[in-house]
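Look for chain A in each of the two complexes below; its partner is chain B in the first and chain C in the second.
After this line comes the complex of A and B, so read on.
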């Protein structure tokens, strides 16, 4: 678990683990898995809220629950930068982790694959593989997206690659 | 899509819609609180914790502290500060107010303790106590980490209620344990039959307890035993007496002791302190007289306590001995455990002895020998007699063999010579006579008085009528000595100096005499003559000397006359012969140059003239000496006829006192020598020493003497018929005529004498003498020559007579 900051780690350990190992094509088993996904997401969300650390909104955009969309945000210098968030559940899930996409930032940073998929740290994949059936979407968000946002947004803001929406509007207005 | 999934979707949606809680940073909160305080919204004191993360009000702190104390029962203020996380200063301050508010709390040594805590502790202690039967308070104090006083004060009110036991000398005991130890103490105390130091007993009991309890046994304090023991004594469970808190004397021992003393004393009429000490009575006299006054009639002595019957027995025996005019050894009459001091003390308690002492009928020597006066008188008389015989034998100058053992004789001789000196002194100053006895008599008298004072009454003289005559004698003597005493006072000192030279039979000598007279004493005093013989001799000596002196004084009176006569005679005779001697000496000067003749002449003079003179002097001096000593001297037949051998002379000279002896010896020596001069000087010294001044030859006297000598010689020559003896006389006469010197020449020196004459006489005279002398030298050989000599005699005679006439 090295490679992550202590806050992330403590949070991660508090997210309920999943048990069912089944992908989107496994039918009923997938439903069971999906329910567990929801439970863990609820717990994670509540945790974040109670710690005054709420940073995303997501929801399944198809009934199978294989595509998720939502928003995520990061507060930097008392300004809130908000981005669209979307990802698909791969068919080999849960062996393969979902690829999180921030389409608004596509082409603005090097730490990103084409199409806005974020580059995760070297530590993520082995950890995920090790905890194959137990980690779910909540874990992927906590381990993948949250550290990425904390690392990349300040750099992007400071370099002027992204602008706060108020600034953007004001600049456009002016 | 089942319902559950929808429900979960909905819940997730709801969870995401829910308002997230808002968190303020610490810094914001602190600022907020400060703002509130500034705004007086918070108008009470607010404390913050040591971590700086919390605010707490005083009331809350107080509540927390009280709960904490109540929960734990006992907590230190420091711990309390840690628990509440508030600064110690506030906690301490609050602790004080809490203690005052809550009566059941107490603050000791920085700790707050509740009563209930102590109750529970007491219960614990009680449990342990019931298990171990005894616990040391110190142990408890260490265990609870509180002061010894505190735990004692806490336990005190709980003893008997919560803690069922007894606190004794810093130890807690259960009643059962106390009862057991008490039983041990009782058993030990009852078992003891001899006086014991209780601490020893306690230590042995302690050992016993430790053995019983094994290694776990806690040392029981001695004071615990002591208090139990005291209780037992008070309760009458054990009987005896305790002295100084630790010396226990059991009643049974005291009783046995008393009975033992009683039985011994009643059986033997005495008991020695040693026995009492063995019985464990440290102060026997006190015990017998004060502590235990059952023997009121008993008398304490130095080492023994006696019943009066014992004293009566001794009294009777001694009285008997005194009446018989004998002596008694009190110590031999008493049991062997009696010391001389005891015997002496008992004698002081004997009435008859005291009376006898007071009336001078008895004397005590060496503490316990009682001698009657008559007995002593006998000894005295005997000794004086002995002394006389000795003095006589000495003065006669010969020792009678078999009279006495040699050693005695020598000593006696020495003593008597010393005596003679004293007698001289005595005659010099008559009143000094008794001087040397003064102090001794006085002492004796003083003690006598003391003795007399001690005896109660004295009027039984009639009992001793038999010894009355002797007593009266003694009394006479005593009074005389007493009168002399009164004179002595001032002279004592000077006399004491002389005392060394003073004469008296030595104590040793008297002691030996006494031993010879009373053989019993030897048996008694052989091991230690000091006990009786010496004091007795000491006591008797003055009396003996006194008696003897008186005897001698009487003798002196007789002798004095004779002495004077003797001296006068001696003086006369000496004068005469000494003048002659001087005369003859002068003639020797003629032959000074002729060495051999001179020697011969000197010798001749010494032999013929000096020797009789010396003998006469020595004899007379000796006689005078004896007379002085009061020795009876037979009237000597004729002093002229005396002649001594050189050995006799030396012996007599030695017998003279002091310096005279030396000088007389010198004379005797000179007599054997060759020089008349030395003899003359030493002879003069002797005569001067003995108070006989000799006349010196002066011219006038010399002439007279020479004249008479000449006359005598002339008459002798004319009357002489023997031709051989005529020659020396003629020669002498010729010397007188020629040289006016009186020559005494032996036959050998005649020829030399004649040759000396030749140059003074005429031819014919010389011829006659020479011829005669030559003939005389052969005269011994034949009668014929004698005849020739006889024929020549008239010629020779005429030669002299003629010369004398011319």
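After this line comes the complex of A and C, so read on.
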């Protein structure tokens, strides 16, 4: 776990691991995996809430559980910045991680691929590959999205690329 | 526009006849010649060439294939015109894929299938092929526009989709299987799949499809620092698949720790991408038309102008089930292969005995060495040839988990779990 901050590390170790190596084309085996994903996500969300570090909402937007949508947010200078979050479960999951997308930030930062897919650190993919199939959606959010928001949102706010939602209406009054 | 310009030229001429003041004639002639120059430019607007029924070897300036058919006359290629029977799928129409598509189009390939979900952006203009006026178009549409202009003989099919999603993957698979272009063909509807994507997820999806369909394919890639790249031939069951071992990449020689990644995702150069596209299509042509040797793996280190090569056997413990199935079939077909090889050898007469290139599988990466024609052509996976390295570690499935696994209870109801998550989400 070289290259990760202690906070991410300790959170990660508390997220329940998964065991079934199956993807969205594997029929009944995928349902087994999907159950593990739910349990892991439920535990992670609960953990965040009890640690006063609630920072995302995610739910499957189709019955097959292959497309997920929700929100994530980050607090910077006491202001909360919230973004749509979406991703597909790739056909080769869990060998490959889901590519997390923040469509509202597409084109606003270099640390993003086309379509608003966040650009992960050099440490993410090796760790994911090493831990296949034990890492799931919750781990991808913890290891991929959380550090990305922590690194990029302050830069985007400071450079004026994103504005707080109250800012746009109140700026003329001040 | 041409008609209007002609009218204008006629008007100017009649006005010239009735011009009362000869001192204005000079200025008038200047205007006249400027209009005629514009008319010339308009007349030179592109003319679309018509389709060609047969490839001719006749050397005339109107024959688009004369220099290619000359390959046949020179004895490099036995039958060049066969190229019109081939179908190639190009996955990813970016810096490498678009240039590859143009090369195959100019070579007169029979049919091209193009897959991409991205749009052309001005940020792509440091690469070849796409033009600034195509910004905003899908890459597949823009490619079809340019390629059909260059060579209307090529049958173009475009698929604007993401092959890593469940729906995109199904369409991808069925398009590869579709045999309407050449119903008598053996196997799938395409002769070769070229992976020109820029990410691991999409490569794994191509690998999955080709393993399931027993489809030979080429993988290609350029490093994120834009200074190295590679191509790799994958024959399901016979060579290592993309999941058999962690992906092999060319070591740039730059220390990872000194590489400045802050603030950027990836760099790109038209040169590196052009070189990789050239190597990819050169090997594609050799594969299709049966000349020269096709490289199983060819790396390119642009900083040192170094080209490492190697060969990889399939991994009997590969995590991909379809790969294992293909490996089994390959082993079963060994007697037939041996008989065919023996017959070929006898037909050709005595020659130097070659080392076993595809011996029985032993999980390992084999490095083919010219100086060791027999025996030890397999080495451990750690002993990669100079200049090559693994991009990712292998799955570490034996390591003890750091926390207890989520309890497995098959009686759990998926809808109940979904409700539980929703309840926490809305709490």
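Just so it is clear, the second predicted complex is superposed on the first by the 170 of 174 C-alpha atoms of A that agree within 3 Å, B and C clash if a C-alpha of one lies under 4 Å from a C-alpha of the other, contacts with A are read in each partner's own complex, and residues count from 1 in each chain.
The working rule: contacts are C-beta pairs under 8 Å (C-beta built on N, C-alpha and C of every residue); 3 or more make two chains touch, one makes a residue touch a chain.
Fair warning: this is a prediction, and the values are worked out from it, not measured in the lab.
> Between chain B and chain C, whom does A:52 touch in the aligned arrangement: first, second, both, or neither?
first
> Classify the contacts of A:115 with the two partner chains as first (chain B alone), second (chain C alone), both, or neither.
In the superposition, A:115 contacts chain C only.
> When both complexes are superposed, which of chain B and chain C contacts more residues belonging to chain A?
Between chain B and chain C, the winner on chain A residue contacts is C.
> Between chain B (first) and chain C (second), which does A:42 come into contact with in this model arrangement: first, second, both, or neither?
both
> Taking the superposition on A as described, I'd like to know which of chain B and chain C A:5 touches: first, second, both or neither.
A:5 contacts neither chain B nor chain C.
> If you stack the two complexes on chain A, which partner ends up touching A:158: first (chain B), second (chain C), both, or neither?
Neither: A:158 stays clear of chain B and chain C.
> Contact-wise, after the overlay, does A:60 reach chain B, chain C, both or neither (first, second, both, neither)?
both
> Is A:34 contacted by the first partner chain B, the second partner chain C, both or neither?
After superposing on A, A:34 lies in contact with both chain B and chain C.
> After overlaying the two complexes on chain A, where does the chain B footprint on chain A coincide with the chain C footprint?
In chain A, positions 31, 34-35, 38-39, 41-42, 45-46, 49, 57-60, 65 sit in both the chain B and chain C interfaces.
> Which residues of chain C touch chain A once you look at their complex with the stated criterion?
117-119, 162-166, 169, 199-201, 204-205, 207-208, 243, 246, 256, 261, 263-265, 319, 392-397, 401-408, 410, 412, 414, 417-418, 420-422, 424-425, 427
> Mind pulling up the chain A residues that touch chain B in the complex?
Going by the criterion above, the answer is residues 31, 34-35, 38-39, 41-42, 45-46, 48-54, 57-60, 63, 65.
> Provide the residue numbers of chain A that touch chain C in the complex, in ascending order.
13-19, 21, 24-25, 31-32, 34-36, 38-43, 45-46, 49, 57-60, 64-66, 70, 88-92, 95-97, 99, 110-115, 119, 121-122, 125-126, 129-134
> Given the complex with chain A, which residues does chain B contribute to the contact?
Counting only chain B, the residues touching chain A are 1-2, 4-5, 8-9, 11-13, 15-16, 18-23.
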